[in-house]
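In what follows, chain A forms one complex with chain B and a second complex with chain C.
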Partner chain A sequence: MNPREKIRLSNLNFFYGKKPILRDICLTVYPGEITAICGPSGSGKSTLLTVFNALWKDDEHARVHGTACLSLDGQHCNLLHPEITLETLRRRVGMVFQTPNPLPMSIQANVAFPLKLAGEKMSPQVAGQVENVLRRVHLWEEVKDRLHHDARQLSGGQQQRLCMARSLILEPDVLLLDEPTSSLDPEASQHIEALMVELKPLCTQILISHDPLQVQRIADRHHFLHQGRLVTQPH
Partner chain B sequence: MKPRRIDHLVALFSHLCALTLLLLMVTLVGYLLYRGHHTIDRELFFGWADPWQALTFQRQVFDGLFPALIGTTLLVGLAILIAAPIGLAAGIYLAEYARGTTRTVLNLLFDLLSAIPSIVIGLFGLAVAIVLHRWFPGRFGPCLLLSALCLALLVLPYLIRATQNALESIDPQIRQSGRSMGASKLQNLFYILLPHRLPELTSGLILAIGRCAEDTAVIMLTGVVATAGVPHSILQNYEAIPFYIYTVASQYTDATELNRGFSAALILITLCCGLFLLAFFIQHHLQRRLLFRQEKP
Partner chain C sequence: MKYLFQWAAFGSALLTAAIFVILYLLSLPLLSQGTLWTVLWQPWDPQHGSFGIYPMVVTSLSSAFVAVAISTPLCFGCALFITQYGPRNIRRWMLNLVRLMGSIPTVVYGFTALFLLVPRMREALGGSGLNIATASLILALLIAPTLILFFVDSITQSSQRDCHTVTALGGTRAQVIRHAVLPQAWPGLVNGILLGLGRAMGDTLISLMLAGNSVQTPDALTDSARTLTAHIALVIAADVASLEFRSLFACAIVLYLFSALLVIGVRWINHSQPLSQRRML
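Here is the complex of A and B:
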């Protein structure tokens, strides 16, 4: 793996039961960039995303063959290794889902939740981290007076920014975004897009998108997935 | 017929069904109130005993409902205490861990268990009591503990299914969100999945409470008697309201005595409502505590 590369997939095949979902995927993701993956529904985009944080391992029917390497702190991490520590990996590779999915907790507890999972208790430092990350996603001014309210009462755009804040609080190396604006109105989508561009120096982003204009606007590279095969297109 | 007209007819039919059920419930409770409200008095609860002495357990009540009220409360509480942890754990196992043949076989077994009539479970309890009585003569026989164990067995399938269905119906994205943040399977379960489904789990518990409170067949064979007073130990016979109602309904000699049975039914419904409220209170308290706790930095 080239030191300038963040993630490399080689000859990756994904099976669900006996059905092949992804075939011979070869893909390189570079650090600090937004790499977009487009394609029609059912082409395997979201499945491909689960390879990067090994979320596929939670499904007993899923099998993956090939090579998938992630560069973390100068070390190469084999994403397909059976003994990989999933909890540690997923704290370094954050994920934002298609539909905003705030947990049934307060706004503050939602954002601090990954820290709680990592064993940290609520402290002035954690409260400070929550504030910083909410400021980074431009949500602090809107929620600072109701941090202890149910996060599910926020609007769709606010919820998605909250989910991004939750993913960012652990300062991940890679952020996976599965159509993060598909359920939002144009104004909320603009907020999220601007945020993704702002985050480029901080983390590598892999974006699944159905919107070619969005890909043109913010992605550094994009790839097209068709019937489980990847077609790389120059940007 | 136009699709819109069919929509209206289906909606009308659904409303009518709901209204019929509501009317039935109101009629039932109304009739109980009509027949039973005259005889709800001190004598119904304490007979000729002094209420204060009865309430402080200084004097036993043999001709009132008080021992049956205590017996039913103890019975339901004990049965739920036994069944709830087992039901919850088995439901979690089926929804989260069991796979393949194990899961299919266990699902079938729990379905079979839920189909067993309560009288059969009562008979099983009686057989256990006879065996234990042979082994420990004079020390173990039909009693409150045995009834509670049998009732726990009776309501276990409700609790297992309620937990299993609650967990299996969680949106996959909610399930994945915790895992994608680095939660272990256990953390995901206790921090996200179970708190997320507390209302459904409480519904299962309420169903189980109701079933425990109303069942007569099981307790008839495993320890309930017409006159025993307040039990001092869980290894003693006891009185229970459903059995009181059954006895009155089958052996009443005059209208007043029958009306006392209606009064007892009203008291049983009130007791169940109290237990439901307690379950809701616990759920609400747990939800606030688990989900919206204001952690001070």
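Here is the complex of A and C:
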């Protein structure tokens, strides 16, 4: 793996039961860039995303063959290694889902939740981290007076920014974005796009998108998936 | 058609109320000597005109609560294995086994326990081996299918979205259960426990066969004692005009009220605010 590469997939095949979902995927992701993956519904985009944080391992029908390497702190991490520590990997590779998915708890508790999972308790330090990350996603001014309110009371766009803040609090190396704007109105989508561009120096982003204009606007490279095959190479 | 269903629903409710009224009327000869409260607190001594059911109430409650206390953690573990940890083919196999357990007649449990469990309890605790502890152990086994199926249902109905979220944020399997499954599944878990309690309290054969049937207020779980249901089964042969016979209806009222309380409890839980919404920091 080239030291300039963040992720490299080679000859990756993904099967669900006996059904092939992804075939011979070869893909390189570079650090600090937004790499977009486009394609029609059912082409395997979201499935491909689960390879990067090993989320597929929670499904006992899923099988993956090939090579998938991630560069973390200068070390090469084999994403398909059976002994890989999933929790540690998922704390370094954050994920934002298509539909905003705040947990049924307060705004502050939601954002601090990954730290809680990592064993940290609520403290002034954690509260400070929550504030920083909410400022980074431009949500602080909107929620600073209601941090203890239920996060599900926020608007769709605010919820999605909250979910991004929740992923960012662990300072991930890679952020996976599975159509993060598809359920949002144009204004909220603009906020999220601007945020993704701002985050480029902080983390590598892999974006699944149905919107070619969005890809043109913010992606550094894009790939097209069709029936489980990568049919175009990065420009 | 609509009116037919309305009348069917109204008829069922009326029937339930009518049962209570009939039980009350039939127990009037006994209750006219005092109140239900007096009958509840008196000992059972028909020779001296005392038809209290206090010892049976204590036995019924203690055996049911002990059975639920034994069964709940085991069934919860089993439900977690079936829904979260076990390989898929074993999960299905276990679930079928649990359903099969639920269809075994209680007399089979009782009879098997008489030969397998009672001698061991006799060796371990002394006495005849027929006591509240023995009955509670088998009652725990009897209510296990109800509890497991309820627990499995409530766990599988909890939001997969929250489970995926916690997993993607780096949560371990245990953290997914704690933070995503339990906050949503708890009303179902409590409902299962309450219904299990009702089933343990209402079972007749197991307590009749294994609790020893002594008419005494138990001081310990190793004491031989008689539950309300076993008492009804044993005294039913008495003269129908006797107060002894009438006391059975007082027993039935107590069981009726207990069941009603459980149903109200279940309803209240189902309509209460989910715990997840009370978790604000």
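Operating definition for what follows: the second predicted complex is superposed on the first by the 232 of 235 C-alpha atoms of A that agree within 3 Å, B and C clash if a C-alpha of one lies under 4 Å from a C-alpha of the other, contacts with A are read in each partner's own complex, and residues count from 1 in each chain.
We take it that a residue touches a chain if its C-beta (ideal position, glycine included) is under 8 Å from a C-beta of that chain, and two chains touch if they have at least 3 such contacts.
Predicted model only: the values in this text are computed from it and were never measured.
When both complexes are superposed on chain A, chain B and chain C clash.
Legend: residue contacts after superposition of the two complexes on their common chain; A:Ser123 is shown touching chain B, with no touch to chain C. In the superposition on chain A, A:Glu87 makes contact with both chain B and chain C. By the touch criterion defined above, A:Asp150 lies against chain B and chain C together after alignment on the C-alpha atoms of chain A. Once chain A of one complex is fitted onto chain A of the other, the partner contacts of A:Gln227 are absent, as it touches neither chain B nor chain C. In the superposition on chain A, contact of A:Asn101 is made with both chain B and chain C. Of the two partner chains, both chain B and chain C are touched by A:Asn53. Looking at chain A, you'll find residues 53, 55, 58, 60, 86-91, 94-95, 97, 99, 101, 103-106, 108-109, 113-114, 117-118, 122, 148, 150, 166-167, 170 touch chain B in one structure and chain C in the other. By the touch rule above, chain C contacts chain A in their complex via residues 87-88, 161-162, 164-172, 175, 179-180, 183, 274, 276-277, 279-281. Chain B makes touch with chain A in their complex at residues 99, 171, 173-174, 176-184, 187, 191-192, 195-196, 291-297.
Taken together, the chain A residues at the contact with chain C in this complex read 53, 55, 58, 60, 86-91, 94-95, 97, 99, 101, 103-106, 108-109, 112-114, 117-118, 122, 148-150, 166-167, 170. Interface residues of chain A facing chain B in the complex, by the touch rule stated above, are 53, 55, 58, 60, 86-91, 94-95, 97-99, 101, 103-106, 108-109, 113-114, 116-118, 121-124, 126-127, 148, 150, 166-167, 170.
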